[in-house]
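Labels for the chains are A, B, C and D, by order of writing; each one numbers its residues from 1.
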Amino acid sequence: MIIVMNNTATEEQIENVVSRIKKKGLEATISKGIEKTLVGAVGDERLLDPELLQALPGVEQALHIVKPYKIVAREWHKEDSVIDMSGHPIGGKHIQIISGPCSVETTDQMEKSAKAVKAAGVKLMRGGAFKPRTSPYSFQGVGFDGLDMFRKAADNEGLPIVTELLDIRHLDKFLEQKVDVIQIGTRSMQNFELLREVGKVNIPIILKRGMSATISEWLMAAEYIAAGGNHNIIFCERGIRTFETYYRNVLDVTAIPVLKKETHLPVIIDPSHSGGKAWMVAALSRAGIAAGADGLLVEMHPNPCEAWCDADQAINPDELKILMNELSAIAKILGRTISD
Amino acid sequence: MIIVMNNTATEEQIENVVSRIKKKGLEATISKGIEKTLVGAVGDERLLDPELLQALPGVEQALHIVKPYKIVAREWHKEDSVIDMSGHPIGGKHIQIISGPCSVETTDQMEKSAKAVKAAGVKLMRGGAFKPRTSPYSFQGVGFDGLDMFRKAADNEGLPIVTELLDIRHLDKFLEQKVDVIQIGTRSMQNFELLREVGKVNIPIILKRGMSATISEWLMAAEYIAAGGNHNIIFCERGIRTFETYYRNVLDVTAIPVLKKETHLPVIIDPSHSGGKAWMVAALSRAGIAAGADGLLVEMHPNPCEAWCDADQAINPDELKILMNELSAIAKILGRTISD
Amino acid sequence: MIIVMNNTATEEQIENVVSRIKKKGLEATISKGIEKTLVGAVGDERLLDPELLQALPGVEQALHIVKPYKIVAREWHKEDSVIDMSGHPIGGKHIQIISGPCSVETTDQMEKSAKAVKAAGVKLMRGGAFKPRTSPYSFQGVGFDGLDMFRKAADNEGLPIVTELLDIRHLDKFLEQKVDVIQIGTRSMQNFELLREVGKVNIPIILKRGMSATISEWLMAAEYIAAGGNHNIIFCERGIRTFETYYRNVLDVTAIPVLKKETHLPVIIDPSHSGGKAWMVAALSRAGIAAGADGLLVEMHPNPCEAWCDADQAINPDELKILMNELSAIAKILGRTISD
Amino acid sequence: MIIVMNNTATEEQIENVVSRIKKKGLEATISKGIEKTLVGAVGDERLLDPELLQALPGVEQALHIVKPYKIVAREWHKEDSVIDMSGHPIGGKHIQIISGPCSVETTDQMEKSAKAVKAAGVKLMRGGAFKPRTSPYSFQGVGFDGLDMFRKAADNEGLPIVTELLDIRHLDKFLEQKVDVIQIGTRSMQNFELLREVGKVNIPIILKRGMSATISEWLMAAEYIAAGGNHNIIFCERGIRTFETYYRNVLDVTAIPVLKKETHLPVIIDPSHSGGKAWMVAALSRAGIAAGADGLLVEMHPNPCEAWCDADQAINPDELKILMNELSAIAKILGRTISD
């Protein structure tokens, strides 16, 4: 860490900073420039809180030099991690598409969805039994009955299931139903209690980016899970909140090469929630794979106009098939494979 | 609700929209303009999901005319609500300041804090026993022992306590310790399970704004609490996330007159977390009260340089006293009183 | 336009709104709902200013139904426009890459750049003679001498030139030097005087998006140019400003399908300025073309480490060649061609 | 400047960085930490471009330690600057309110406005003869005739005038009409050619913040003016663009104490454009003055419902009077005076 003293800092103030650093077991170096004095702290930076140092008299700012995340960082784990999702690898050369309806509605809808997912060559199925909704008066999901319907429909087609965990108290039931991949939603990215709990299980976790979370906060949220022992983490970019009102959120494709540089873990995108419109899905999906994403979480409904929630963002089974063909061709250009 | 058809919509598509509206029990009106046809839905709009209508062929957009929130809306409750916080009224003519350290550290620190709070003429005390921290490696709060220390120190000075609830599983212990006001933090504003639980108790809730939540989402989050039966809700603006990097967040003072127009419930601000620097606190506090806020949640530490977290944003006991004098003078100009 | 009256609006207030609408030559319709009354204005909406209506007593909001842009709108011009850039078509099936250094530095640098551009199969060259810089103390561009160097180097390789116009007073000199395509930079997107001037010439204009401009404002800025008679407009998405600090800006790929829906004009992206780092350029370029963009404006420098400005965002000649191959393969999947 | 090398940087790469620094005439220091090596550049940092250094192999980041602005910085000019606006001081203890209509419309409107401004005890008058409008089809201002009307109406009441300069080519006419204070609008904050021109005159300049400009960019824009010789600069915060859609912009009150710390120049706010609604103006005005602003630029119209532009954001003459009383009372608490 580097502590920049302001240009009126006294010797005594500089000494005070030095003594704080030493108290934490790090070494301190002093470097006097023409306008400012810098104090360097050499050692394990994670032991120093920049806020504490910034509160000291004479200090202008305290700058981290070392990244605050460790287990998830590529700096310490050079090769791509390949994560096994119940038999289907993601990461490295392997791209996986995950598709299905936004929410579980009926047995019939789930059966049709599972068949359509399989027919398109997709290997994993998504669906929400519990839905976080802005309004208390909106449809909140079918609940555990929906999870049962989902499990059965997916089992019939041999598809592993991916579903969102909203409430710590639901985790046991999720384990009982052998949920293959647990999704942590955008509103829960900094629900640290929830992160700690899923850090204790041995199931792949899809960690969606908070809708205004920085890359650094997102990596730290993953570090919460990893610190608990579960290193099977998949990042999912789902659009960030900006000033633009034409579309729901802005899919941040730049996050893909950036995460590839910062972490060894897989990165996927959600082209459905980000734009919020079915007619944008193909373009955004292609962009994501072309930018180097390891997969997609894409909404498909057997009959989008009848969907109970997020109706205007789901594509239909035929559109999914066409999309899979385009994506396979793009993956090939990049030397990768889809859905193996 | 108004449904705008695009300029190539067919008669059949218009009829389809009309029939959907009628199926939900509302009436439909058709109005043909020169360029577009509009369909109006007359009745209880909350029964219609705009996304469902937007997914229909020929529809360009669906616009809500009626506000989606009800219990918290001023539209249906014209007078200001005054909420009792263990003997201290907030709302209407009554302004309340809530002060204390960011986190509970030691018995000594809490005793000194409580004395300083009282000495400044402040009537309620804040302090965090559980701290949501970006990094899993940072100090996470003292926990329930901290809550005990807080309760005792506050009782000695006759101060009601305000503290943050992070985890649903802690609620019983909070009730046991007779927490006077429960704070829902910025990261939990859309933790709907948590909102539902605090909707069932009869304790005032301070609902902080999510760091990138719109006014509308914030009002809907309050509606989750209110829908459960607890109408003792206080909104707390704590800074929003923007592109600016000089300060942590931008205190959104415009939210104050806007909430005053939209809801009958009290609105306070947090001048400490928004800017993130002690030297900004007085200016932001005065701005908040001058804009019409009903109170402040302001961090004060008996020895800020030694604080265990957020050290550079807490003011000291002397600064709190000076601030109270300035705020009382501003309140008087607006015909209001502080700390009665 | 629809005017929503608030729920306490009087008959007199409604009548006042109606009379204002009629005064402007439109017809007014009144529709009374259960909670609100709506007034519809039928006719040429562009004659009504929503702000004027919103200022009237009893009015809650005034909503535009018709898009405020006309010449650039796809609604009135269904087919893709193909624009000729001195012999090279862009739009429809035609993708064009425009490459070259950020700024003109020396004759040698421009000659090497032109050769590298040509060798990669790129058909148009970019370069800045005048540079808008945040600091008055930074390098501001070589000026008109640079424009001469650029013209000569490009002519030697038979490449049309693309360069930014910053100052109205430079336009004559640009015409004299036969600049093939004029770029309007992000900081000038709402420099309406400049837009009006380039609306009077008959040269293709690349209109970069303001760094926090909405899609609607961007389309309106193009409408300023089009209203002057110049319909040869190419939109260039170059990253928007958000809360994220890891990269300079967020490339908004969603803008690509959205503009394709809203306008018949071509859309390109700038993968260099958006991310601000050379190592992101290939991923962002592929994402843009995969999302349907009609081209790129990409920085290439014969020796990036020696560049006088934006050194860390330029790719080198070899990287440009590899990129061109990848992009051609992606274009083919979408049934399009590059650089014809 | 500090250059952080990445943890695989070679000796040769470090030497390369050192030699670049020395070539620019600065000294270089090397400091090896456990994980990273740091290179310090001691001397006039403004000679080094961080982008250039970041482009070098082995470099992770280059950090500025010294502020890039100089003339406007408080670091080098400790006392508040007081600027004379044709006899009315602003800065230090002096607060000035500037009021008048958004745009000049008619002689009658300007006369009524001038009388109302004077009657409220306001000492300076604002009004726009040229209006930057998002749409080419909206009212664009009355032009030079409007400037004449404005000058006459203001002269009759002895009020100095404040008006916006949009186009470099208008400057001579502004000087001829003896405009007392020139306003640079939000869309022109980074119109560097315009800034350079107003840097050459000797008239106070109100520099509005770009709607998504950072504090640092804003200070650098002022430095452009100051570098030309004109140090009579007044910053005007007018709301920033965020994700919130309820109001036009978010008035950033935090910018007030921050600018007071960073610069010696006066800071005012525009409570009219930021919120965009007349009913928010009083609350935002009070917040600004309470936060320490040196003044306001506030829209007032003799008959707001009839205003030709921004009709719903202007207050009326009576509201201005009431506001002046409230503001004077707040100023007094802070030991300051209004309108002397």
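In the analysis below, a contact is a pair of C-beta atoms (placed from the backbone, for glycine too) under 8 Å apart; a residue touches a chain by one contact, two chains touch by 3 or more.
No experiment lies behind these values; they were computed from the predicted model shown.
Taking A-C and B-C together, the chain pair joined by more C-beta contacts is A-C. When every chain is reduced to the mean of its CA atoms, the largest separation from chain D belongs to A.
In terms of their C-alpha centroids, the spacing between chain C and chain D amounts to 27 Å.
Between the CA-based centres of chain A and chain C the separation comes to 31 Å, rounded to the whole angstrom. Mean C-alpha position of chain B lies 39 Å from that of chain C. In chain B, the positions touching at least two other chains are 212, 241-243, 245.
Of all the residues in chain D, the ones that touch chain C in their complex are 46, 49, 51-52, 54-57, 68, 132-139, 166-169, 187-188, 190-193, 211-212, 217, 220, 223-224, 227, 241, 278, 304-305, 307, 309-313. Looking at the complex, you find that chain A touches chain C at residues 212, 214-216, 240, 242-247, 250-254, 256-258, 261, 274-275, 279-280, 283-284, 286-292, 326, 329-330, 333-334.
Taken together, the chain C residues at the contact with chain B in this complex read 2, 4, 7, 29, 31, 33-36, 38, 40, 42-44, 63, 65-66, 75, 212, 241-243, 245.
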